[in-house]
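Please go over the structures that come below.
Each of the next two complexes has chain A plus one more chain, namely chain B in the first and chain C in the second.
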Partner chain A sequence: MAAVSGVAQARAGCRAGLTRYCRRVVLAPFFGSAAYSSVPAVNSREGQQTEGSARRRGRTPQSVRAHIPPRTERMAVDQDWSSVYPTAATFKPGSVPLPVRMGYPVKRGVPPAKEGNLELMKIPNFLHLTPPAIKKHCAALKDFCTEWPSALDSDEKCEQHFPIEIETIDYISSGTSIRNPKARVVTLRVKLSNLNLDDHAKKKLIKLVGERYCKDTDMLTITTDRCPLRRQNYDYGIHLLTVLYHESWKTETWESEKAEEDMEEYIWENSRSQKNALDTLIRIKASENVSNVTKEELLASEVVKDYRNSVVALKNEGETENNMSRYKESVKKLLNIQVSL
Partner chain B sequence: NLVGVRLAGSQANTEGPKTNPLVSISDEPETLYKRVSLLVKGHDKAVLDSYEYFAVLAAKELGISVEKVHNPPKTVERFTLLKSVHIYKKHRVQYEMRTHYLCLELKYLTSSTAAVYLEYVQRNLPEGVAMEVKKTKIEKIPEHIREPIWDTLPQVEETEVKS
Partner chain C sequence: LEHGFALHAAAKDCFSSLASQDAQTLPEKPRAVFYTSESDPAKHTGHHEGRHYSIPLEELKVVFPQGLPPRFQQQIKTFNEAFVMVRKPALELFTYLKSSNFAHPAVRYVIYGEKGTGKTMTLCHVVHFCARQGWLVLHVPDAHLWVKNCKELLQSSYNKDRLDQPLEASSWLKNFKTSNERFLKEIKTQKKYVWGKQESTEEGRPLGEVVEQGLTRVKNASDAVGVVLRELKQQSQLGSFRLLVAVDGVNALWGRTTLKKEDKSPVSPEELTLVYNLRKMMRNDWNGGAIVTTLSQTGSLFKPSSAYLPQELLGKEGFDALDPFVPIPVPNYSPREFESCYSYYLDRKWLQHEKAHTEDGKEELRVPGG
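== the complex of A and B ==
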């Protein structure tokens, strides 16, 4: 483009050096192939100094080149297509030997042909990813892959050997930036049955963790996103797990003040049910004038144990048909009630 | 060409590193991915279908087991704007943006296989298509969580424990 402005200035300015200037400009690629064919025309028009001649330079009849047939006509049927489209490229109608038509059809006509078709050029094409091309790429990439260890062929085995699961998400999109702030979130999942916890430690951990524990799947889920980098969030998650684990093994002095409302499951020993049952039995025995039976003997007896099991099952598992019938039987045996049908 | 790093731990491809000079083996143990889930989002369903064919074939060729391929339902974001620059409140124009989804779930990948597959598939992601990759890594329990340290620590004074 610098050549164009140079020529215009030369024409407006001195005419003495015009001949030399024109020749120099023409030799540089000005209108492509038209430049060479227009050399005699320019020299003959040196006499005319009008602006119109500047525009008409490339439009002589000699500038119309011979029509070259497209590459498709010279393509063999069994050619190597991956060398025609080795990478992602726009659709070139002269390079694709298919009679493709795309676009909205003219009235009582057909969709437009592929020559100069903007719709075909706009859409991303997969001409560089034909099945033989994919197979070639994968054959070259196969050396860089490793095999999954054959001993871990099921989810349960993975769970047994590698109990902790860490979930991270990567985001790819087209835009001005490749960064995505959501990519720093790390989710840590572990089943409590795989950790080395005793009864008290497990209950304390569940209380410490609160919402993050799911009772049905026995899964603890820790989601961290407070640090700016993914690696930092992962380290923080592991740190949290470590702290929880060690804190749950500790027994504080105030934990002895745990009341009945804080208990996670029903314990029959030293409960009101036990007291009531024993009181009732002692009174029954007293009214029958049997010698004083001690509490330990009563506790050890079969009927009381049966009653205890049914009450614990009712409280912990809820009311089911089975539980209710068991409770009924145990109460009948305890109080020696014979139901005559 | 990809200059890949192939990590130790497999006895299958013993011929590979000998013939291919680009492959280098390191002693680090590989990280294992139990599940890699690819969610591909685009505006044109035909492009996503072609991409699905490509990704599934690539996974098959590289020996990766594909667990599930499904299309979550598309989401359409619509909004109504005023057609004119000034007044004419009764005449509006409505635009919508359709996002189609494609979900590919792969199972049991090692880190080098995952790196190779994901790089190949992401380099050939068409323009105007986005992807989210969710990786689930499995790990052993770290050393410091095996046993509670209170057993191993020497007797500490009460004051130190409280602080």
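== the complex of A and C ==
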């Protein structure tokens, strides 16, 4: 309040004729807002007067401060960028010398510029990870590393000699403790083609692991985190792999009860389709009064083999134009449908 | 058909006023493009492909008391004539049927295709062909009607585990009687059937009596249907007549039902007498005829609307039951067929929009949704 009254006295002294307006200005609660928001129509003379008085008290409002150019204008082209952004930091328009525009375009305009652009500030940026910066990181870490073995120069050789891949993650954060509970997770990846499995063992292993096997890449992924320490989890993962391998080679007595629904792929032998086909063929032969044809003979004939292949393709690969037309042709041959034109 | 109707459903009103004019104005365009005067399907060849042929309305009532798609029935009522387009899948089926060996077990044909491509119309074309040739046609218009929305379910007296559907059975028997009058007098039963305490049908009576029994005593209708199917199957092998079993929506027989028993437990299809007997017909353990079926997603239960391939709609059980069958795909209209349909509608003055005559209008009709 004391400041306000002091201003009032000063103003009253300057312009007696305008005291009315002055008083209104002074009574406004905040000095800053009085200058440009509460009395917008006030003459510029008024504004300058109030600012002049304010400058006397040492505060510099933004609109009057001499405009300091941003740092970007003083940056050399060949400067060391890793010293501008040594760590992950928000986007500072004054420190990034790029004319970036981001955001939804203004009506009949362009996306907003980088100054005061919240969109650019919100998103994560990788200005601290430019290739020269990473080169410096690698150079610093090199002292802690050993040489890569020269014999392992291709991916295939790595896979051949080291089929099991172990993945662990270390976490660093600025805080009082170096421990992170997520660091105990261990992931084991191995391709089943590198393991010595026969047909039955492979099918049994895939059934045992369930979702952990990916058919497209033929990769088994075991993730363990049930033990408190990383070494314990690694040991457990290796133990799991060993147990799976040995168990899949064994054949239990109850495995003989495997039903048609459990089969992974369609097998034509002993299926309903085979039965139907053989029944139909036997009936056709009976109608033509051909003497007893044995099942084996029928199964070995060309038409039945063709039919079998088309049905297996249809069931295993799904229905496509190709498969359906193949099936149609094979059924026509099987049932002896000759089209007489 | 789909394209025309979708665009001009609203134009039906203004068409009815022009109907009187239509009869008087003579067609200006040469009708050979889309019209053929050959009304016997047996004589349809590849030469007739893409053209429409007409079925006389009296014949329509006898051959198709049921079974035509509802939109086609509306079209018949509007135009007062029934014009069916001759298409390749139907012609293919005719060649197979003409050259089939009736001593061999019945061959199963499954017509499949996407929605609205003309599967039911192809089946109707085949039914007309067989009816003209003098076959006995066992036409089940929509097997889906038997597995859903049944008002009355009775426990079957013949087999306690099964359920009867008197209403559906009696309506089917009525339509069967209309289309196959003369056969019902000729075919004789081979066994005695006991319907109740005092009612029975002796051996050697015409099959028409069994049908009458089913129609009068609605309680026994489902069993009557079963008897009819059994008799026909056994007697077609004797060779006195040819049997065509035409089923629309055959995937209903091996799907799920929406029916519930009194204790709210779901009914599976084989517990329904009608479905059980029809499944027996679908087996190829008889000869002297053919089985032509259609797969249908519209009206099917618990199947996604994009499913149209045989394995998707029939499921494992259905496929194994019908295997080996001859699949007949039905595609959308080819450019030539589209031209023919378009000219037909223009001729009938069905396309009333001013722009329909232009090339742009034609393009718009051809490709729905741009």
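Please note the rule applied: the second predicted complex is superposed on the first by the 188 of 341 C-alpha atoms of A that agree within 3 Å, B and C clash if a C-alpha of one lies under 4 Å from a C-alpha of the other, contacts with A are read in each partner's own complex, and residues count from 1 in each chain.
Keep this in mind: contacts are C-beta pairs under 8 Å (C-beta built on N, C-alpha and C of every residue); 3 or more make two chains touch, one makes a residue touch a chain.
Since we're looking at a predicted model, the values are computed, not measured.
**Student:** A:D155 contacts which: chain B (first), chain C (second), both, neither?
**Tutor:** In the superposition, A:D155 contacts chain B only.
**Student:** Return first, second, both or neither, reflecting whether A:A277 touches chain B, chain C, both chains, or no partner chain.
**Tutor:** The answer is second: A:A277 touches chain C but not chain B.
**Student:** Check the residue A:I134 against both partner chains and state whether it touches chain B (first), chain C (second), both, or neither.
**Tutor:** A:I134 contacts chain B only, not chain C.
**Student:** Does chain C touch more residues of chain A than chain B does, or is it the other way round?
**Tutor:** Counting contacted residues of chain A, the larger count belongs to B.
**Student:** Return first, second, both or neither, reflecting whether A:I238 touches chain B, chain C, both chains, or no partner chain.
**Tutor:** first
**Student:** For A:A88, select first, second, both or neither according to whether it touches chain B, chain C, the two together, or no partner.
**Tutor:** first
**Student:** Considering only the touch criterion stated at the top, classify A:E147 as touching first (chain B), second (chain C), both, or neither.
**Tutor:** Only chain B is touched by A:E147; chain C is not.
**Student:** Per the contact definition in the header, classify A:E165: touching chain B only (first), chain C only (second), both, or neither.
**Tutor:** first
**Student:** Would you sort A:M263 into first (chain B), second (chain C), both or neither based on which partner it touches?
**Tutor:** A:M263 sits against neither chain B nor chain C.
**Student:** Quick check: in the complex, which residue numbers of chain A touch chain B?
**Tutor:** Where chain A meets chain B, its residues are 88, 123-124, 126, 128-129, 131, 134-135, 137-139, 141-149, 152-153, 155, 158, 161-174, 190, 194-196, 201, 238, 241-242, 245-246, 249-250.
**Student:** Sort out for me which residues of chain A touch chain C in the complex.
**Tutor:** For this pair, the touching residues of chain A are 271-273, 276-277, 279-280, 283-284, 287-288, 307, 311, 314-315, 318-319, 324, 327-328, 331-332, 334-341.
**Student:** Going by the contact rule at the top, pick out the chain B residues touching chain A in the complex.
**Tutor:** 2, 4-7, 9-10, 12-13, 16-17, 20, 22-23, 30, 32, 34, 44, 46-47, 50-51, 54, 57-58, 61-63, 108-110, 112-113, 116-117, 120, 122, 124-142, 144-150
**Student:** Please give the residue numbers of chain C that touch chain A in the complex, ascending.
**Tutor:** Of all residues in chain C, those touching chain A are 95-96, 98-101, 103-105, 107, 284-285, 287, 309-312, 320, 323-329.
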